[in-house]
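In what comes next, subunit A is part of two complexes: it sits with subunit B in the first one and with subunit C in the second one.
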Partner chain A sequence: MTVPLARRQLLVRPARAFAGLAGIAVALLLVLALKAIFAGMEQRLTAYISRSGADVIVAQQGVDTMHMTESALPAGAVAEIRRVSGVAEARGILYVSTLIERDGKRAIAYLVGEQGPRDPGRRAIVIDRSFGAPVGSIVSALGRRFRVVGELEGTASIANFVAYVSFADLARALRSPGIVSYVLVRAAPGVAAETLAVRVERAVPQVTASTREEFLRSERRVVGNMATDVVNGMILVGFVIGVAVAGLVAYSATLSQLRDFAVLRALGLRARRALVLMLAQVAATVGAGLALALLLVWLLALLLPQLSASLALVVRPSDVAQTVAVAAAVAAVAAAFPVIRVARIDPASVFRR
Partner chain B sequence: MFPASGGHILPPGMSRRGVPIAWRQLSAEPAKLAVSVVAVAAAVTLVLLLSGLRRGIGEQATLYLDHQAPVLVGQEGARNFLSQRSVLPEALEARIARVTGVADAAPISQQYAMLRLHGGRVLAVLIGYDPGRGGGPWKLAAGRAPSGPNELALDRVLASSHGLRAGATLEYRGVALRIVGLTSGTNGFMTPLSFATRSTVNALSRLPGTATFFLVNPEHGVAPEVLVRRIERAVPGVSARTREALAAEDRSVFVGAFSGPLLAMVAIAFAVAILVIGLTVYNSTAERSREYATLKALGLRKGALIRLAGAQAVALALSGTLAGTLLAFAAVRGISAVAPRYLVAVTSESVALIGVGALAMALVAAFLPSRYLSRLDPASVFRR
Partner chain C sequence: MAPSLVRIRKLTKTFGEGETRVEAVRGLDLDLERGEIVLVMGPSGSGKTTFLSMLGGLLRVTEGEIWIDGTDIAALSERELPPFRARTFGFIFQDFNLLAALCARENVEVALNIAGERSPGARERAEGLLRGLGLDERLEFPIDQLSGGEKQRVAIARAISNRPALVLADEPTANLDSHHGSETMRLLRTLAKEEGATVVIVSHDERLREIADRVLWLEDGRFRALQALVRDPSCGMLVDPEQAPASHELDGQRFFFCSRGCRDEFLHDRHTHTGYTQAATTGRTP
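Presenting the complex of A and B:
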């Protein structure tokens, strides 16, 4: 018969064990939640290009992003691109970051001037639902009034959302006749996007052509570059708090169990086995904290979008892996204090008390 | 019954100083006390740094406007300077200049510039100005201000973090821009400033003959608010704003975007601090249940026992807050030395707020042990 010592020692004070794992969970949640927020932001910021149907995006030379980016091409570039072998369709869009207003409410939007089937018509706008302007209402942007004729979903991030107006309306508002911001290109069947991008760059001067995947990667890098330091800072703080909480719990538990350990050692438990016992408790607490953190972030990712359409949390496997690594480091460092105490226990001490 | 107050009790015959039970219980395990203080301090530091970063982002967002003319004129509907496109014909300058009370109107063309540096993407604000007029760099650390085509003055911090010096070239939108000067006091996390001539910026945007804003100086004795109204009445299709109004909008846009995530992080940090204090005091109380039962059996009232636990919670909260505040100030100095593009503005207001928060933390954290103590049976001491 075996005695589950680690579990019994851990659960001798259930409130303390739960408070400890809750503390570790919250510390790991700091890391996970922030990464999920930025991942959600990345997903929303790339929503327009992801849904554009374009295989290749052509921009001004040196430009391969859209978020907070300026690009201007002569309108004649669209016709030049259409003539490139393998191009099924090329349409120019205008793109600008601006403020959209309705009844005193204001929000930043990426306003896209569309041509073709997505053109909502003169003085009309299609706008993300999160802004709260129902179909038929009037909003203003760039000093002009637009009637809402349609709603979009899933383009709103904490920074902004997407809206479409007609290309002609936006060109007038921006005083930019003869200019397009980007050209969205669809490849003919059987033509690879990479091949087409190379052909476009060869045929049309002073442009940068990126496949949709390359463009999306660059967009994600923009958010990543902005967030890296903040995320790293948060990981460090999460680590320190995690170590402190896990260390506190493990140390408190070990202190209250020193006599138990001494008895076990006197009964023949080897020092190495005692350490394994203690380490198992730390690992179990941190592991349970990690599981709770994952559950909490999953719940947040589920609930927050219900509260606000612009709050999107995306939990990526790579971020979970990074948090697991942080948790392992937390467990390793937190176990250091009690390891020293347990390693020094004299089995004879139990008879001296 | 002994007179009791907070963490002190006075047995008969003892001096008025009594026995500092709360302190003795707390300091019985110095390592545990230190870990608890570190955990609370880390949470407090996090709260201070995050709220400081939020404030700093707001302050950095208005760096350019803070040095400009008191009135700005943009396209109709323009309410902020950074996050909204405004395009006006440059010929409007003469019309604005004719408005009574206008001393000078200088056009600028500003835009975000997504620079590709070292394979990464670095966001800057590019200001196009007319040399000899307003809107250009106000302090140079090296070199000179741009005066010709395709010349650029770059923020010193941004330049140094990418190994760029005066004389180097930087590729932007297919054009090689030569860095002729480095500016100081123009650094920002998301909005470091760079300067070029307006014709250079307009050429990059293929929008010749345009300006995004006019920087308007009023004549002596003319209030900016009065001038704003006059310009809007006299010039159709424009939006005139005071510098302060535009700056407030920019701050609101920048800080607003970060508020949700930052406040969520602050809430999590507070939860951690409460949990740590609660855990420490609860552990200490539970481990000393025999001592507490003895004190109760000796006549110490329930209220005094709860105050004893409360005093420990308050001591932990305050010492953690003090350590966290000191750590936050040290971190601010470290950040400004290592990563100067981040402005973390920790103010006395936020420190005072965190002090109040610490007391709230202590009150919440003392709840668990106080429940435990109020249920503790004094007779239990005789049963062991």
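Presenting the complex of A and C:
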């Protein structure tokens, strides 16, 4: 074991070290938290399809999403799809984005007209708990009144939430008899979703059949497109703040340690090892900042949903990996000037006063 | 007869080029024996620090050779120099140059680590040296909690931790009071005589003459014969009569001064200075 020089030098001024890592943590938290918020929103917005149990989703030709999209298929398409080999079940749904109101409170909802086991019954609605309409209360949508008979969880985002009514009620409200928006298809045992989607498209004209995974990917792309500019902007902001903080901390620490580096070089420390010593301090500061940022975002993911049911933070491994990459880039850029200074240290300067 | 530890031939260092060219060290020749203490004195800007830096392998020579224990350090590559420094030299600085981030023991141990020695041997050696220098109670003390004398003892422990053949000391007593200065002198003397290390001291401190085997006077990049130098009666500095900025003849005796200010002071207060003589200092030239 040798003297832990990098650690000692880093902690010689604990306040500066902590301020540095806190600044970096805040910068990385900006990146991480925003990505987690959008990931949470994405998860909530795709909750309906994720939980639908469908292996294949059939829509009007060219449509492979629900959000910000309209799809209309003739009701007869459901029967046609049921006849396709490998289909265990096919049920049509109606879908519309509309306002739901209760006691003057209004919110946008994805209203789905269901048939079969999810049909809540005539003039009944199942609604996300976040709206605050308890079972038994009355809400109105599309000019009609519905009694709340059940509650959903985990479909509310900052944009909207999901509610179910009976297919027949929604068809009447939309004045669109003979139309379904989508057909949710379950594959027979042993039939792959991809195979079934291909068969459906071949058998039924003018439809697009997507596997659930394909459909979810498209949905995420829509959400992602909405968020990309914001997220990229925030990543840039986080990167710039991180570089500014880490760079300032690393540079000021290096300046204050130049004499020490010169002494170490005079004592026989190789230039390369002096650089490693300095880089280890930058890496440790950024690494600790990253760890603190991860801890904080984890705490936020626990606490924020308690404050608002429509807020969900989902920390995905890919986002953590991207933040680690940002942190590495921050460390690399922040270390650039200190590296130059340390590399140029003249060991003979130890004799200068 | 054993060969000299250090053999310097035609050592020259120039800085800058053209009109800004400065010849800091000019063709020095010098041999240093093992266990010898050599004090290098001279006015500011005379090339002492440049000489010490080149001797310690910290500054490249412009011309000449520096042979240390059979190795010409002027010929070593940038890659070879650091480990050679770590093995061969011990450095003692005026302002100690201890690492504030480390405790007393770690300051010594880190030099051993750089020289390739790892714990627990390095730690034991560091503790042993510091205990030997009377710092038993200060091993884990932060540097900023040590007195000047204690800091210099830590610096000396660090300098000798790697059992160097050559210890280079730059103004080792300048920041110390007379008591700690004397203590440092005694330690340097002991180091040379008991450890067999050659010690080169660059200093203005006249007290160090007491422990030096040889005193060299460096001026304008060259060693000069000390017999030719006289002492400024006002400040006590040694002055080359041929290049003294000021002189004055009084009662048939000529006095030489390091500056006009010293001469004016002398004239103003000449009655108090009448005891000064033109006596040259003793010592042999290189």
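Here is the rule we go by: the second predicted complex is superposed on the first by the 352 of 353 C-alpha atoms of A that agree within 3 Å, B and C clash if a C-alpha of one lies under 4 Å from a C-alpha of the other, contacts with A are read in each partner's own complex, and residues count from 1 in each chain.
Methods note: a residue touches a chain if its C-beta (ideal position, glycine included) is under 8 Å from a C-beta of that chain, and two chains touch if they have at least 3 such contacts.
All values reported here derive from a predicted model rather than from experimental measurement.
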item: Partner chain in contact with A:Ile158 - subunit B first, subunit C second, else both or neither; value: first
item: First (subunit B), second (subunit C), both or neither touched by A:Thr195; value: neither
item: Touching partner for A:Thr98 - first (subunit B), second (subunit C), both, neither; value: first
item: Partner chain(s) touched by A:Ser50 [first = subunit B, second = subunit C, both, neither]; value: neither
item: Contacts of A:Gln115 with subunit B and subunit C, given as first, second, both or neither; value: neither
item: Dominant contact partner of subunit A by residue count, subunit C or subunit B; value: B
item: Partner chain in contact with A:Gln60 - subunit B first, subunit C second, else both or neither; value: first
item: Touching partner for A:Leu255 - first (subunit B), second (subunit C), both, neither; value: first
item: First, second, both or neither for A:Leu264, with subunit B first and subunit C second; value: second
item: Touching residues (chain side subunit C, partner subunit A) in the complex; value: 49, 52-53, 56, 58-59, 78-79, 82-87, 91, 93-95, 97, 99-102, 106, 109-111, 113-115, 118-119, 122, 158, 170
item: Residue ranges of subunit A touching subunit C (in the complex, touch as defined); value: 1-3, 5, 8-9, 11-12, 259-260, 263-271, 346-348, 350-353
item: Partner subunit B, residues of subunit A touching it in the complex; value: 13, 15-16, 19-20, 22-23, 26-27, 29-30, 33-34, 37, 60-63, 65, 67-74, 96-99, 101, 106, 108, 140-144, 158-159, 173-176, 179, 206, 208, 218, 221-222, 225-226, 229-230, 233-234, 237, 240-241, 244-245, 247-249, 251-252, 255-256, 308, 311, 337
item: In the complex with subunit A, residue positions of subunit B that touch it; value: 29, 31-32, 35-36, 38-39, 42-43, 45-46, 49, 53, 75-80, 83-85, 87-89, 111-114, 116, 120-123, 171-175, 190, 204-207, 210, 237, 239, 253, 257-258, 260-261, 264-265, 268-269, 271-272, 275-276, 278-280, 282-283, 286-287, 339, 342, 368
